[in-house]
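Notes for the one structure printed next.
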Amino acid sequence: MSTFGTFFKVTTYGESHCKSVGCIVDGVPPGMVLTEDDIQPQMTRRRPGQSKLTTPRDEKDRVEIQSGTEFGITLGTPIGMLVRNQDQRPKDYGGSTMDLFPRPSHADWTYQEKYGVKASSGGGRSSARETIGRVAASAIAEKYLALAHGIEIVAWVSSVGDVHQFPPTAEHPTPSSNPEFLSMINTITRNKVDEFVPLRCPHTDSASKMARKIEEFRDKNDSIGGTVTCVIRNVPSGIGEPCFDKIEAMLAHAMLSIPASKGFEVGSGFGGCEVPGSIHNDPFVLATEQPSDSTPQTGAQRLGLKKPKLTTKTNNSGGIQGGITNGAHIYFRVGFKPPATIGVAQKTATYDGDIDGVLEAKGRHDPCVVPRAVPIVEAMAALVVIDALMAQQAREQTRSLLPPLKHTSSAKQQEVNGV
Amino acid sequence: MSTFGTFFKVTTYGESHCKSVGCIVDGVPPGMVLTEDDIQPQMTRRRPGQSKLTTPRDEKDRVEIQSGTEFGITLGTPIGMLVRNQDQRPKDYGGSTMDLFPRPSHADWTYQEKYGVKASSGGGRSSARETIGRVAASAIAEKYLALAHGIEIVAWVSSVGDVHQFPPTAEHPTPSSNPEFLSMINTITRNKVDEFVPLRCPHTDSASKMARKIEEFRDKNDSIGGTVTCVIRNVPSGIGEPCFDKIEAMLAHAMLSIPASKGFEVGSGFGGCEVPGSIHNDPFVLATEQPSDSTPQTGAQRLGLKKPKLTTKTNNSGGIQGGITNGAHIYFRVGFKPPATIGVAQKTATYDGDIDGVLEAKGRHDPCVVPRAVPIVEAMAALVVIDALMAQQAREQTRSLLPPLKHTSSAKQQEVNGV
Amino acid sequence: MSTFGTFFKVTTYGESHCKSVGCIVDGVPPGMVLTEDDIQPQMTRRRPGQSKLTTPRDEKDRVEIQSGTEFGITLGTPIGMLVRNQDQRPKDYGGSTMDLFPRPSHADWTYQEKYGVKASSGGGRSSARETIGRVAASAIAEKYLALAHGIEIVAWVSSVGDVHQFPPTAEHPTPSSNPEFLSMINTITRNKVDEFVPLRCPHTDSASKMARKIEEFRDKNDSIGGTVTCVIRNVPSGIGEPCFDKIEAMLAHAMLSIPASKGFEVGSGFGGCEVPGSIHNDPFVLATEQPSDSTPQTGAQRLGLKKPKLTTKTNNSGGIQGGITNGAHIYFRVGFKPPATIGVAQKTATYDGDIDGVLEAKGRHDPCVVPRAVPIVEAMAALVVIDALMAQQAREQTRSLLPPLKHTSSAKQQEVNGV
Amino acid sequence: MSTFGTFFKVTTYGESHCKSVGCIVDGVPPGMVLTEDDIQPQMTRRRPGQSKLTTPRDEKDRVEIQSGTEFGITLGTPIGMLVRNQDQRPKDYGGSTMDLFPRPSHADWTYQEKYGVKASSGGGRSSARETIGRVAASAIAEKYLALAHGIEIVAWVSSVGDVHQFPPTAEHPTPSSNPEFLSMINTITRNKVDEFVPLRCPHTDSASKMARKIEEFRDKNDSIGGTVTCVIRNVPSGIGEPCFDKIEAMLAHAMLSIPASKGFEVGSGFGGCEVPGSIHNDPFVLATEQPSDSTPQTGAQRLGLKKPKLTTKTNNSGGIQGGITNGAHIYFRVGFKPPATIGVAQKTATYDGDIDGVLEAKGRHDPCVVPRAVPIVEAMAALVVIDALMAQQAREQTRSLLPPLKHTSSAKQQEVNGV
């Protein structure tokens, strides 16, 4: 369905050619400063056709808050948001190619099989425009996560076609053991990634190879896929709701709900499945004490919430053990297929079963969607994290009202009772 | 939380050392023949320590139906099921190693961070024993899926460590273009897979290489991961609930909720992200008419439900386009990390932050969990499919009660109105 | 939260002074003819300040469909709808009475206790304006229910203060045994009710007494409550999801979510608790065969769905037994308290705890909200019925794909197997 | 369906003649002392056939915790519980009366209409035995509510037939203005109520009248209904989730899900709909400061959670305004119909439509279920309160991590920003 989340609940609507696309966000914390200015930047990053950051500001896709705030403060009530569609007339192709052929590997045909109605845009809600509501909702989540815990979510393009920023090697079958990768997830920022617009791969050499790869396919009227890697920093330990709603399960759900995604791997991922346990296990070490900050930046610091005593020496787990965060960086990778709309002629059957058809898409098409997927990956990650965080905060607050467990003289019992 | 599904809703309970583990399944179709004999086989396949099929029948893990059936017929009310734990006493290790050290890459530490209580089994619900309820529930789902649509779900071990049944090659960067793989997903059965117990890789040569790989790590008191591939056949077209609950999103959620899983890819997967759109796109062709069967085997045949007119020539999509099934085989792959419990000594901190500790696990440990993951992957796949199927069947039944849309003289309008 | 329903899922947003109020409806059956014209009439009936039906058409509260339809046909995707607020500026009363006093029996104070933020409109979402989204969503549900099953939902004012249309008597402690009442629920229509606007009590004598009662309180700057009775006709048997989501439980939930509601009773209600079982029980009788209709009006008729063989002679059950509909008319009554905003001076404390305050509301206030509650009661009833109907239709469609149960020679077994 | 609650989620299973009845409770706070001894007392109170408290302890319906605790401490994981059925064989009446007739006003017939299968017990889950899981789950909730906030929930029989403890009078059209009633809800305890077992009306005179009323109907082989009133004390202000999940809406949902219930009214209820606003409104007054307690009894006291500054002088609102608690006592009344199973012969149709049948139930039947409904009303109230409480505690904890809103020099702005 069109709702994601239990505590921070996002419901979206909208197709390509209707009046507007938008969402309702229920469960927004009350008392947070929030205006359209907090939301628009990610909306703008999501826009297609971006080139350098110096591009004059794109005035399209302006988000309008409908409810849930007053005088720039959230009320705690649902926040409705919408973005008007520029072209609000459903297309009526009148027997054109689009009407005759379900586009191969598009959602045209499956939408018709499912709903029995053919939307003018073909795949209805499979349109990338559907993701506007997600990004708008997520901007609210991201603001909260940053204010409360200093949580940072940064995604970037890690491969285009067979050009990988961190290709698997004998030494590093997975980037999770690659020092260069580990250093990068410590420091990468959105600003840094956006310096590499339109590619959004923050590595000069890889970026130029990727750009050539995309040009190569563009020139052939063909398309190519790639992957996006994402890191989430400063998530508290204890987040994630086993057994079914483990944090990696929710991330996988979220990522595979993004149009054109084909795969998800967390931490060491598929590569880690080839590494012996003796190397793959992440031993525990003492967490470095962070220098006390005279001006606390986050709510957690202000409230004096304790950081965990331990952390792990390596991080093949990607910050998650048993479906629950351990306080280390969460990172994962998402694969996106080559765009289905290509200029090359395709021999394919019509809706009516005419098998001698040839479909030729006209105009210029985006040969690679991966750079545009970056803010959407970040958005879905934020929605997962805030929902799991609120679930755990409910548990902690609820638990704090219970009598402390009595420590008995038995050392064993103490262990059992916890601390 | 511990509930999965909306229409076919499974709620599980149980840790390693409590009285029993089990589940409640709500939404089971009424009027289906069902006894423990329908459920026990998958329970038994799930049991650890299996060798050849000639092994005398394992009488442990007997499932007991508590409610929801009478005279072997489902009532439509919730079905409670349980399996008694053999060892029902929580462990009290009394200052033993287990009490002092959170095991690296286990859930011991994160469970304590989350719940503030240390369960005797360490990671509480992260125990593999938790999956019993899933498998029991899923056996009901599988029976329905087979009776109603002839749906078959078969998983097998496709890699152990770096031994792959279908390693990526220049010609076939993803198995989805490999004829041998495609032939296999057409025909593979559970019986065939079980002929290869304990490995469950139904390919003699790969299986023996995998066996040697596991022995190698077992002999070093080390462990190794691997992958499971799963195919789902005969799912009707139109299944899956965009935008957030696309069928691949639900499958990813389900698979990443299995203990020790690290990655998920559907259809051509990560390999497909390196293939040009012109090759990756699946053109539409006429579906082969199936010979009319004088004795219909499935409910869908008895009711005369129409098969879709079209299918795809290739199947890089893995049977899914835009989050909705197209009637072709659904297939996906799941990665599992090496087991965290190993005999090799590990330098790691204690709960108290003593950093000079060395943890040495005693006894024999399972060096590779992948073969045992096979029935759990099948189980979670069945839970996803039945839930999405029921959602779509609700839609179809609801729609069938609406007046048929009027076809106007305008050809365009007909297209719009659907057929 | 702000979502109602599982299958036909309505999420609303909006306060009094934000840009718009609206909703997203997910789960709308695809292929249904739907435009704003289907929705506006109930929106208009919901408007305050209505007098006779001859009133020139009120052009306020125009609903705008944002998504989910094309060329006037539902796509099966979420339908976004909104109504612009006329006065979009949050009020800043600047130390006025409204800022100082929480209004007695209003939500001003509890909203502040809950959210810690004071909305300019006081009770935020407790505003009657919040119900706009409900009514818009429900108009879609009602259209479906009428087309598919001929379901009719009609509510009317059954009491104002102590003026009751059917006061309890020794003979009829509950209207459920009163022939006049039973005849009325067979025949009452919305048109008939609206002939009695502004009172919406379709009984001339009662209506005039009620009008006088309201005038009496209006003249005293005071207010008075009342009740609304609602009948739902033509709901198929078998609707309702025990044990927790019995149809009467969902109706009670829905009705008590309407602002100012204080009570709910179904069928014979509280009065029926005083009637002996021998009289209260509804004996089964053969259902009258309905004359075959040459032009089927509903989807159920077109598909030849069978009507139940039995019905009940009396209907103290209000069409529901064990939480499941039996095909007879469902009817229930909802109580509404007197409006809290009154002109009479009230001695009450300020937010700051100043206890010597006197609050005097200015302007004219609605002395009785019950007539305006009528379309909202109908709306919530429709949302309950369509959700439960879709749940049951999912079950029936799912069940229909199972093999028919074999009838054995044993008569007993046949009974058990059902028919 | 069979799940209630979002945060404290209860799923139940079981019919009359299956192996066991029980539940899974997900979301239980970790670190709470809990054993069967905390649960059994309410299970025993729920048992039928109780007479005086001096009755030897009933050893039937022993609850067994299956999971989720270790060494008597909750783990935070799901708690499975079950109670074995004494008679586990489904009945096969073999053409007896029970097989031929759907019992009037029972669920026999509607269950068959819904599920198409006839359970041996007739109405399947409509059996009172289904409520065992609810009561077991609720005992956990109640323990938490008492420890954390000192919340007390007490229900009692307030009427049998036309014998009312507080009949409406001209002076007190609703008990909410009756000083005797208001005094009672301040002080009534479960122990006091149980002194009046089997009637559970803690008012000697009314109790004896009610006893005579029940005897009168028992002697006629007939039955009679009645009402239960329930008070919930010490619920913090701010609980309840508008707009759809107002606390009274959830209570109404919960109460109407209890077998045989027919109505719900909160606070002044239906009687309050006849009272002028000027009298019905509850003016705000300063809350009495409670004497500081040297030994804090509740978690809220230990944590120093503030009590609200204001309370209301009267309490016609029943502790709820705008769907949110205001800290005053919550009270409500639930109506139960006369039991459908009576010894008196009933002329009614058979399943097959034979209309000349006469159904005569044999044996002794319970002539009034109201006293037995008392612990079930309490149980459902506890489930509602804990779920809403956890929702609000999640909000508060989440909000506490936000930066405090800046107070500007503008007094108006301060109001807007909240305090």
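Each chain carries a letter (A, B, C and D) given by its place in the written order, and its residues are counted from 1.
As a convention for this text, a residue touches a chain if its C-beta (ideal position, glycine included) is under 8 Å from a C-beta of that chain, and two chains touch if they have at least 3 such contacts.
Note that the coordinates shown come from a computational prediction; the quantities given were computed from them, not determined experimentally.
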Between A-D and B-D, more C-beta pairs in contact link B-D
Measuring centre to centre with C-alpha atoms, which chain is farthest from chain C? B
Please work out the Cα centroid separation of chain C and chain D, and write it as a whole number of Å. 24
Whole-Å separation of chain centres (CA-atom averages), chain A against chain D: 43
Go ahead and note the Å separation of the Cα centroids belonging to chain B and chain D. 40
Contacts with two or more other chains, residues of chain D listed in rising order: 1-3, 12, 27, 30-31, 70-71, 73, 76, 90, 92, 114-117, 120, 125, 395, 399, 416-418
What part of chain D is in contact with chain C in the complex they form? 1-4, 12, 90, 92-95, 99, 101-102, 104-107, 109-118, 120, 123, 125-126, 130, 159, 161-162, 173, 217, 220, 222-227, 237-246, 248-257, 259, 261-270, 272-278, 280-286, 308-310, 312, 316-317, 320-327, 335-340, 342, 344, 346-349, 351, 353, 355, 392, 395, 399, 411-412, 415-419
In the complex, chain B touches chain D at residues 1-3, 9, 11-15, 17-24, 26-27, 30-31, 64-71, 73-80, 82, 90, 92, 114-117, 119-120, 124-125
Looking at the complex, which residues from chain D come into contact with chain A? 6-7, 27, 29-33, 70-71, 73, 76, 144, 147-149, 298-300, 302-303, 389-391, 393-403, 405, 413, 416-418
